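One structure is given below, represented as structure tokens, and several questions about it will come after.
Each chain gets a letter, A, B, C and D, in the order it is written, and its residues are counted from 1.
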Amino acid sequence: MTEGIKIATIGGGSSYTPELVEGFIKRYDELPVRELWLVDIEEGKEKMEIVGNLAKRMVQKAGLPIDIHLTLDRREALKGADFVTTQFRVGLLDARAKDERIPLKYGVLGQETNGPGGLFKGLRTIPVILDICRDMEELCPDAWLINFTNPAGMVTEAVLRYANIKKVVGLCNVPIGIEMGVAKLLDVDHSRIRIDFAGLNHMVYGLDVYLDGVSVKDKVIEMITDPNNSSFVKNIEGLGWEPSFVKALGVLTCPYHMYYYKSREMVEKDLKKAKEEGTRAEVVQRLEKELFELYKDPNLDIKPPQLEERGGAYYSDAAVRLIHSIYTDRRDIQPVNTMNRGAIASIPDDSAVEVSCVITKDGPKPIAMGDLPVPVRGLVQQIKSFERVAAEAAVTGDYDLTVLAMTINPLSPSDTIAKQIVDDMLEAHKEHLPQFFNEVQA
Amino acid sequence: MTEGIKIATIGGGSSYTPELVEGFIKRYDELPVRELWLVDIEEGKEKMEIVGNLAKRMVQKAGLPIDIHLTLDRREALKGADFVTTQFRVGLLDARAKDERIPLKYGVLGQETNGPGGLFKGLRTIPVILDICRDMEELCPDAWLINFTNPAGMVTEAVLRYANIKKVVGLCNVPIGIEMGVAKLLDVDHSRIRIDFAGLNHMVYGLDVYLDGVSVKDKVIEMITDPNNSSFVKNIEGLGWEPSFVKALGVLTCPYHMYYYKSREMVEKDLKKAKEEGTRAEVVQRLEKELFELYKDPNLDIKPPQLEERGGAYYSDAAVRLIHSIYTDRRDIQPVNTMNRGAIASIPDDSAVEVSCVITKDGPKPIAMGDLPVPVRGLVQQIKSFERVAAEAAVTGDYDLTVLAMTINPLSPSDTIAKQIVDDMLEAHKEHLPQFFNEVQA
Amino acid sequence: MTEGIKIATIGGGSSYTPELVEGFIKRYDELPVRELWLVDIEEGKEKMEIVGNLAKRMVQKAGLPIDIHLTLDRREALKGADFVTTQFRVGLLDARAKDERIPLKYGVLGQETNGPGGLFKGLRTIPVILDICRDMEELCPDAWLINFTNPAGMVTEAVLRYANIKKVVGLCNVPIGIEMGVAKLLDVDHSRIRIDFAGLNHMVYGLDVYLDGVSVKDKVIEMITDPNNSSFVKNIEGLGWEPSFVKALGVLTCPYHMYYYKSREMVEKDLKKAKEEGTRAEVVQRLEKELFELYKDPNLDIKPPQLEERGGAYYSDAAVRLIHSIYTDRRDIQPVNTMNRGAIASIPDDSAVEVSCVITKDGPKPIAMGDLPVPVRGLVQQIKSFERVAAEAAVTGDYDLTVLAMTINPLSPSDTIAKQIVDDMLEAHKEHLPQFFNEVQA
Amino acid sequence: MTEGIKIATIGGGSSYTPELVEGFIKRYDELPVRELWLVDIEEGKEKMEIVGNLAKRMVQKAGLPIDIHLTLDRREALKGADFVTTQFRVGLLDARAKDERIPLKYGVLGQETNGPGGLFKGLRTIPVILDICRDMEELCPDAWLINFTNPAGMVTEAVLRYANIKKVVGLCNVPIGIEMGVAKLLDVDHSRIRIDFAGLNHMVYGLDVYLDGVSVKDKVIEMITDPNNSSFVKNIEGLGWEPSFVKALGVLTCPYHMYYYKSREMVEKDLKKAKEEGTRAEVVQRLEKELFELYKDPNLDIKPPQLEERGGAYYSDAAVRLIHSIYTDRRDIQPVNTMNRGAIASIPDDSAVEVSCVITKDGPKPIAMGDLPVPVRGLVQQIKSFERVAAEAAVTGDYDLTVLAMTINPLSPSDTIAKQIVDDMLEAHKEHLPQFFNEVQA
């Protein structure tokens, strides 16, 4: 890595980009980014230009010598990059809306990361990511791939298993969100809290919680189950858990666990929402439209506060914080998606896990967590099985594997309904799933 | 073990007893049983006498010197026994009917073995089994405990973890049923088929299938997915699987997998049945009534053919075959529930698994199966987590653990509904769950 | 496999061949061998003819329709074979003599299987075995390779790791010898004894010992440490162990353990023997000479009793017993070298181990043994490391790996002496190690 | 932990104490030690007073409010301590001299840590350490035990397995010495080097070496094997390795590996030294005498430079650095001895390993290293087996286990010689091994 860092951001037209830029500006002293290349595809060109111009104004305001490049030429952007961040969405939010709506037709949660929707998001995304990996091998073999694109766990698994580059990290804002929530609950500064995270992306547990190095896990669990804290808890935990369940579980859950430990209520909630306000994708589409209207304002030269409503808070912070730690060999502890190497028992050494890691210049080094607690082993293993079968289906375009992945997903009610959803989804996403329709194309 | 073998059968008033007796009679030459003690509790006395008298007539007809003893004194029966078989049902079929009906009220499968019903069956059964183990330690420390009582996996886990006797085997007729089904499908004699079974009780997979020592697994899977074999398949597999699912899964399933890979259809089916003909328990209650009417006939001196309709075929055969192999150090291969010892990766060495074993005089020796195939690891791990938490709940009478066990069961739709079912079930089964109501009683 | 079994024996000119033939004759009823192909190389032609003619006389005497073929054309012999047995010795006993003498020059044990000599035996043997495997892939892809050639553990490891055929078993007479020794010690018939064997070839332990299914391990260990049994013990155990050591070890050792747990005495003994009577290879050369003189006698039509003195008793029995069990799907328990598959913890699943297996028509199925006892884990792991590095050195012809393998062997006194021995041995065995001298040849 | 930190140093009369005091003085700003209690036994009183007075002068010179307490009352010192450091030597250097001389009589290395001498050092030390642990449980249950007393690996294993306190770390200066050596070799500042350490105490390997986050392992190995660097290498590596061995091994060794990979040369060297200048213990006795003469000088108020010749450089730094990182929750990476928790495959989760850890206020968190490289697995496993059997022998006073531990040590030439050494050593160390002589005492 040279003095002047080059970043390539695939999916640069994303509404998140201003957060990323803000993150680089804030940390410029220790992380001197010289070139930020925003890359997008033809369909995203307009959005990229809007957000790219905002980025330029932000940098100018900060008075920093960061060059912002906008391009449709991915290979040009990758050439000599030090870090590649991926935040693209194959098929845009329209595709996400289908991932959410189609399963709901069958009374099944879409859940665009570890659920039925996530399977198809993975099928669309993984081939593109592997393509980027092939380009990186050639154009920037020493660069780190920092992937935010969901399903981040499945994508990291696919890169570890099917790509030749080894420097990949999958990122999620969920763990940092839990740490912040706990800090707020205990009314202490975030820096005093440390959580031992272990599991998979969106299936991560807090095995222990430390305040100033002393375990406060039991206290936190006690507080979470206290109805007086319900408003807070709902904030980080969604609907609120049964106290008996949480106490006996004995570890902290993440918000996505709602889909698995409360699936019936979540289906009902999603069905209602889909009817009343649209699915999350549809809501976000409206939010994004408003955001891009804001971004167009030539007087705007900061990240607008409205972006926080978009969701995904801390994502930018998580990403830049990670790049910062790698670049400076900071050796702080961050929960990321990386190769297991024995950190979590019963998950293969060469599989992706989400786990607290020390971040060195050589990347994340996972902290050994030993066996997962008995009650959570099953679900973690089940999602790992799902991720692996799904990744293989994405790479091979194999129909049977796709039905299998859908069937073994814990949100699936049966093999037959799984097959019906797969058939519907394949048809709906046809243009973004060439690996399944090769023969037709040939 | 002495020349004359002593068997103690706890729950001797069961309608299955004639099968057991038939099994001992058939194998008398190599397995010279001299005393068969049928034990039951006060409530089962009448049935025990009916079935016991039939047993006596069967033995007399066979002209064999097997003494049949009927007793309510369990300790008397255990004294010096060589084998103890357990086939009792705490709370009788009435309790099973509740295990089935209460979850259905919430649109949840009862599934009296690995499901919500099975949890409560375990909570009622495990303390009694552990009590028997304590008696055995004292009265027949060298005896083998051959347990048929469901949930056989959870019960074996509980004995391995919480009892001092080590000689325990859990038995199920499912694997032998699959082998027979495959033999029929291939139209060959059962003896030519061998299946590598691995998993848990009622969650067991056939990892490979051999005909005369050559793998025919792919052929069998092909046949299973052929609609022309559907009538047969339905017989062993219930509703019939999606061909894509089965092919990609790549291993043989067991009938109980229907509950997990086809839960929605199974709920609907069970709801319909419960309405039209009653739950399985209620159907069996009627069947049993008829059976006991038959058994009363003083001219009956064989196992009546109507018993086969009762379900549970091959159970007797499985049990006596196992006792036979242990007694004669036969070293044949049988799938049973025993301590894992590394046979199945990712399941703790000291947990119970259902796996093909060589049966020696020193008991079953599991065959090392290595890693389970990726797609099945999750569900197996999930049921193992459920079994362990459930076993701990049974031993401790801990309410929170019970809610946890119910919630992590794959058939559970949410923590809240899990809690509701637990509350209903605890109330309904109160008299058989003293460990949960100690304080009330005190 | 067809009715008439075809056996190909590579190294057919071995003095052991009459035992093998006797074994086939004895078991002809259940194992109807029709063709036995003895294969050897030009240098072994004369011996093959002598032993082959004896074999023909033996078969004739037995009145059995077994055709004995003698050939130098290995491919002809392999074509359509059902079982391939390998008992050849690259470089003949002359090479073994060097394996023994050269290390002794440095005060180091030769030990032609797991020791420094064994390393070079492996380097010479593995390329030939892998060549045979390639031929088998093409000419008899369904055949089983039954390897007796030492170092049998390293050879099996190499086949599992570097060949494409999967049907390989490594055989040794050590475990069966221990069982027979124990039977004699207890003065009972061998059939009543069963030992749980686990470890590696020539590094195998008896984890438990059963007499009629009841553990008598402690009693056997007690007897072994009783000086009154010393003459017996010396017979199976060599010099006799310190009672304290054996009691605390808590498992049965094998005779080869003498080299590791008594290396100093063994070096002294070997040095003395080498001086007085020659190394074992030289003694065996004389014995073989005498044997072949006997074999030439046209009136001899049985295996001559003098063969037993040659050592290697039970080898033939072990081999034919194994072939018999595979052919008839006998499902008896035999200790053989096969893929671990989790049977022994801490050894990779895909490595070779020597372990009690059930022998089916689909080959050996290892019995899960769980963790090895603490005190023996280290030595087993060390030999496994040695075997793996050695196998890689054999395949690659890499000098550094060879020095590494020699250095990490537990009998090696230092890296520098290891290097000296390697240099001497490479020179001495040059003609049989083409993989190390390719450049010179080119 | 309160503002004012209390340290209790068991074996406070050690010649190392001035280094420790210097370390606390240097880091006072972030690590405000208020009380340092030096504890020793009656025999060490004089030395403790000499070194304690020097410590007082050092503190006074630094102008810091650190109270130095000298006491023979261990319980008084432990009361309310925040950190307990142990650097005592049961039987003093006289005992070490016996540990070294007795095995040499048999031509066997003494090696006072992982070797035969280390076994007896462990037998003497472990009961005292466990006694301290019992006191800590009562008097300072939240304190950390920082153990430097050798054999540090075996002692940590014993505490993890047999004590009730969980906060224990074993410390060694070997890894930090390797890092410093590599920095010097590459001529860069130590802070730019990071090594992934994994293994056991004095049996630790550098799996990878990073300069500014980029692996330079291959380059370092290349340099180590270059004869031009031999003077340096000898410095950190002793006699110098065979280049072929080191290259094929592929990881960095530690100086103690000389005893195992070069045992014959080391025996010869030690025998020669023992004759010419005395064993290491005897040399150190002379050095210590001179040191204490220096310490007595009332004008000396700094750590005298001659202490560095004593050996054990960086020990103090390592210890204070560790305490500093725990106290300040620094989260830097340090190699220490701690519970494995899956960091190193094939070593039980609950065993002690020496591994790179992140140091948090909650103690060291091991970094997951996955499988050790094939060639080093054996020796690591063998030493772990030795440590475990030795620790059990220390706790039980079992003679047979002691002979077993001695026999399975890789430096042992045979069970018989092992027994002879054990018998000699038991006699020689009788007064410090009450657990073996209880009956005599009673």
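We take it that a contact is a pair of C-beta atoms (placed from the backbone, for glycine too) under 8 Å apart; a residue touches a chain by one contact, two chains touch by 3 or more.
Being a predicted model, the structure only gives us computed values, none of them experimental.
In this entry, C-D is the pair from C-D, B-C or A-D that repeats the interface of A-B, since more than half of their contact pairs coincide by residue number. Centroids built from CA atoms put chain D at 55 Å from chain B. We define each chain's centre as the mean of its Cα atoms; on that basis chain C and chain D are separated by 44 Å. Counting partner chains per residue, chain D has no residue touching two or more of them.
The touch graph of the protein chains shown is a ring with every node of degree two. Here chain D touches chain A in the complex through residues 194, 196, 208, 210, 212-215, 326, 329, 331-333, 340-345, 349, 356, 358, 360-362, 365-371, going by the rule given at the top. The touching residues of chain D, when paired with chain C in their complex, are 241-242, 244-245, 247-249, 261-265, 346, 374-386, 388-389, 398-401, 403-404, 407-408, 410, 413-419.
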